[in-house]
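By written order: A, B, C and D. Residues from 1 in each chain.
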Amino acid sequence: MAGNSFGKLFKLSTFGESHGPAIGGVIDGCPAGLSVDLEKIQTELNRRKPGQSAIVTQRKEPDTVEFLSGIFEGKTTGTPIGFIIQNSNQKSKDYSHIKNTYRPSHADYTYDEKYGFRDYRGGGRSSARETACRVVAGALAKQLLENIEINAFTASVGDIFLNKKPHEIDFSLIETNPVRCPDKASAEQMETYIKQIRKEGDTVGGTVQCVIKNVPKGLGEPVFDKLHAELGKAMLSINAVKGFEYGSGFEGTKMKGSQHNDLFNEDGTTKTNLSGGIQGGISNGMDIYFNVAFKPVATIMQDQETINREGDMVKMQGKGRHDPCVVPRAVPIVEAMAALVLADFMLQNKCAKL
Amino acid sequence: MAGNSFGKLFKLSTFGESHGPAIGGVIDGCPAGLSVDLEKIQTELNRRKPGQSAIVTQRKEPDTVEFLSGIFEGKTTGTPIGFIIQNSNQKSKDYSHIKNTYRPSHADYTYDEKYGFRDYRGGGRSSARETACRVVAGALAKQLLENIEINAFTASVGDIFLNKKPHEIDFSLIETNPVRCPDKASAEQMETYIKQIRKEGDTVGGTVQCVIKNVPKGLGEPVFDKLHAELGKAMLSINAVKGFEYGSGFEGTKMKGSQHNDLFNEDGTTKTNLSGGIQGGISNGMDIYFNVAFKPVATIMQDQETINREGDMVKMQGKGRHDPCVVPRAVPIVEAMAALVLADFMLQNKCAKL
Amino acid sequence: MAGNSFGKLFKLSTFGESHGPAIGGVIDGCPAGLSVDLEKIQTELNRRKPGQSAIVTQRKEPDTVEFLSGIFEGKTTGTPIGFIIQNSNQKSKDYSHIKNTYRPSHADYTYDEKYGFRDYRGGGRSSARETACRVVAGALAKQLLENIEINAFTASVGDIFLNKKPHEIDFSLIETNPVRCPDKASAEQMETYIKQIRKEGDTVGGTVQCVIKNVPKGLGEPVFDKLHAELGKAMLSINAVKGFEYGSGFEGTKMKGSQHNDLFNEDGTTKTNLSGGIQGGISNGMDIYFNVAFKPVATIMQDQETINREGDMVKMQGKGRHDPCVVPRAVPIVEAMAALVLADFMLQNKCAKL
Amino acid sequence: MAGNSFGKLFKLSTFGESHGPAIGGVIDGCPAGLSVDLEKIQTELNRRKPGQSAIVTQRKEPDTVEFLSGIFEGKTTGTPIGFIIQNSNQKSKDYSHIKNTYRPSHADYTYDEKYGFRDYRGGGRSSARETACRVVAGALAKQLLENIEINAFTASVGDIFLNKKPHEIDFSLIETNPVRCPDKASAEQMETYIKQIRKEGDTVGGTVQCVIKNVPKGLGEPVFDKLHAELGKAMLSINAVKGFEYGSGFEGTKMKGSQHNDLFNEDGTTKTNLSGGIQGGISNGMDIYFNVAFKPVATIMQDQETINREGDMVKMQGKGRHDPCVVPRAVPIVEAMAALVLADFMLQNKCAKL
């Protein structure tokens, strides 16, 4: 209830602060009999891991997931799947400099206002570290979804955009570069820009696009739980996200109905796909695609003026190891959240008709 | 569960098709002792009503809400508030021309795929008529929220944009024109454009912006139920919505952290508000503002090729009375959904700390 | 959330006070394609109706259900099923004598304490009148359950007991007498006793037993949502219920494991059925049976001392038309709640395994 | 959803099999700022622990709880509280004898039917070992409830009953004997009986009574979530429970209304308390009391005929270390579940009125 659970039938509940002994979660509602490839789950976690390339934070966290229940002889048993990820790195840090200080555009101030005090070590619960648990659950959800292909990638960094339509993307290129942009030239531009930004002690935002193929028809529940509404919530719940659009998105608002309508082919597919694979909140079998906007990371390596708990102005030093651009590491998180949404609706849809 | 309920503590469940005898809903969880101004609720409904101006659909529906329970001697009793809105207009229509035909970019095809058959009369449950129930519940939520001011307005129609920052808006101008755009010149341009579009038998999209003032600090629940994630879901669940962004939104992705961070004043307010009043998913007391993208209405007054249930290509005539642009009537719906989200989080926040 | 919804996938939300214009509800999650026999639903309502025989309250309420949505051309559409039952009789009553008075063992005092004031007309929301909505939804659930047979009946009135084992009951006798006891001799004894109690201006309690046949194996969810735990909650939520036991129940606590264990036959059935058809919270295919304890109705036709809102002792007259024994009219309510639980678990079970 | 979560606002989700590496849970929704006494939590766990006396199972499990999150500097932070309990004893056991065999009146058969296969090691998820997690969460809930006193105790073993009214109990005697019966003579009789039963290689049932003092008025939500309905569900979800009754319970069904009604004193208390502290599903401030029926443990130390997965009759040896009577160790579990229900309703009640 207090916001740490996601999903109705395929449900993830997570816990853990960035600097406690461990983070973890419980996946309840995964059907019994699913053969689980544990290595694939770890592989997804590794895509999110700090220290994976020269353009992400150089912190070291092994991020190894341990499953504690719900899997027996290689298969899910239908009972809840508990897991933890140890926080190996948590003791070495010194957070006394932010104990009484509110970092600008962080959650420090709002947590204090809401709860009366906060776990100030590295952001506590508001740290993006919690997304590791989403990746674990999402990786399991992907295995449940079998034939559905979920591919996210970096679509922009700052004002450098990958100018390709969803159907033009070669997904096999995503993992060929540290930016996770499926276009060699754009990827190189973005990489160069991120390195420059890091030198400046600054950060930059960007967008992730996600394309989902082979979606069965009928996923999504009217009225409030439309497929794109849950996808939107899922994405907006990821740290640093400021916007979500699917199909024609914000650009579509400028169009006329006669241009925007997706005319049918005889087999029920559509000639265009401005609907983004969803009509009336329900998947129509065409590709689902959407964009997710990430703001620049708030922690910068520059001094900033800020206030402390007493309301005094204080100078705050930029230090530590942080991502100059969150987008490359956000790619697997976007995929994971998409997988959780689809897995949940796939189960819900089993009850749609007799 | 099947998607017709919204909210956790302040909860709305709705029912009803556009052409059944009535639509309605149940509001559960409204605290006892709230003095209810029934007239204000009807006023909100009237803002959404068809036939209210020359630029919206000319259908006639009185849209009078009747409360059946939960209010006694002018106050909420703490028990569920049931209400209905009769469908006065539903018998006169002839829908035989769409009985077996899938209208392009409507929910006809997906409902049929999901449920095996559908109520084809005027869109059935997928009709935007269901949003009238949201407006009723939202109007009640507004009364619960007292000092919080929620103002939505038309920010663009097609490519005509109101070029004002959230803090520059004079909300008193919103209801002075049928477009609900708080700027005389822009409103006139938009109105002219909508009339032209209607003459073409076409439709056009647009965006609604919403600005919320006097929000208490501390609303929103980490991790998955961030305030902006629920706002996003709420907006994306409205018919025809394709995108949501808050604060700096998609533009913010192009910025550097050093530009984007909202520096504090000594009183905890911030010098800028690119965060859009929400940090770490929790309100910080600054104005919340967000944009909602609406696609052009799919029903156009032009002939279109489409398919029937048998998969044959058929010609479909454009007829009936529909909105050339949904945005002016969407304004009260956006406000209603925002009110539902805030009311729910206000109740949830009562349990945040001892 | 505030307690007026029941079920997770097959979900009922109800509203309405005994003396408002109407009561009603929304059933969300009923799969599409179910052929609905509306007459059968009304028949169930009639079994609960006041005035049906000489031993129940002589109030007159036609209790006609009107469906407002979710059923089209005789079938459920998968969208929410809204319904109302008009309160035809509500204006004639005078409740001024209880406006400021707390009736002993009623909900008057607790509602006032919880909500700050109450709708004092005939019990308001705490009136057993709300159970009519349960019967409507339960009657629909029965139609979804097809082959499952749910039979409840009066097992005791005061200290007159039907001394039969669940498997000895002839269900065809239940509706042959106004007590709904499937044994002619016991029924007559009970009827005579109820009439005598009424003459005394008093009331008496009793128990309802329910036997469910042809239950599929596998219904019920461990750990917290065991089948019998939800059945127990369902029954305990009915007005006037004080206890629930299934299978061997309270008597079983006196037994030894060697006597109590149900040994298997080779086909997976068991030689005895002290488990009551449920093992580990999951149905095993044997008959489910349980007892529900109803206290005597609190409204008696005798004068009682009580207090008013100011805490003064006042004399309260016994008047009005009330049931001397609630049990005969509770039988269809017990069946309805059992049907809701089973329908919900039947849907939930669709996701148990791949 | 799949049944491993309990509570709406104070919510526990658990995971873990008896013979996996660990069991554990997540408590979400505990308000921030609660000072946590970790030792008291461990003390409650020790009351449930195997091997604590001569009349319970002699298995050795240290049952030490480790908290992983949500508590910082001795206080709850408002974020989820994750915890695990290592299964130290799980590797030594040999379960090959039950791998393909269905133990009578266990959950073996039903799990196999529901999930297609099962974790056969020691009952897997159906083992009462999961109740350790309930005790952890319940012990925390007790600390949130402060002044509310929850005392459960053994009220019967087999046909040996403690013949005392709830208000006659001296709670300080509960922990003075291994049976947890607050009467020296009855406790000795029960202990002797349990030892004799164990010698026979048999087991026996019993009842636990729980008395709750200092309950605030107003807890519980009409209509479906009545306080006693949730208490009933909570108790019925505990392994081996067959029945629940509160206040006058099943005996109350034999009474007349004129005897059963609890007449008021001028201060709103009642002269009698057959209502058991709950009227209309809402606490009235009087003591809450209820009985919980436990069947005899199904695992006996005698040979039994049973079937295997192939449906063949096989002889099954009674071996291992099991409780001859589950009731003494069930006492802290009953208290824990009661605390969870009350904590949840205490939070829910914050939204009852303005």
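In this section, a contact is a pair of C-beta atoms (placed from the backbone, for glycine too) under 8 Å apart; a residue touches a chain by one contact, two chains touch by 3 or more.
All figures in this text were calculated on a predicted structure; none of them were measured in a lab.
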Which chains make contact with chain C and with chain D at once? A, B
At the chain A/chain B interface, shared numbers over all numbers used: above half (same) or below half (different)? same
Rounded to the nearest 5 degrees, what is the angle of the rotation that puts chain A onto chain C, matching CA atoms? 180
Between chain A and chain C, what distance separates the C-alpha centroids? Give it in angstrom. 46
Quick one: report the Å distance separating chain A from chain B, using the average Cα coordinate of each chain. 26
Let me have the rounded angstrom distance from the C-alpha centre of chain A over to the C-alpha centre of chain D, please. 39
Which parts of chain C, given as residue numbers and ranges, touch two or more other chains? 1-5, 8-9, 14, 29, 32-33, 78-79, 114-116, 125, 222, 351-354
Would you identify the shape of the chain contact graph, picking one of line, ring, star, complete or other? complete
For the complex, give me every residue of chain C touching chain B. 1-5, 7-9, 11, 13-17, 20-26, 28-29, 32-33, 66, 68-70, 72, 75, 77-82, 84, 114-119, 124-125
Note: in the complex, chain C contacts chain A through residues 9, 29, 31-34, 78-79, 222, 347, 350-354
Using the touch rule from the top, collect the residues of chain B that touch chain A in their complex. 1-6, 8, 14, 102, 104-107, 109-111, 113-116, 125-126, 130, 156, 158-159, 197, 200, 202-207, 217-218, 220-226, 228-230, 232-234, 236-237, 242-250, 252-268, 270, 274-276, 278-285, 291, 293-300, 302, 304-307, 311-313, 348-349, 351-354
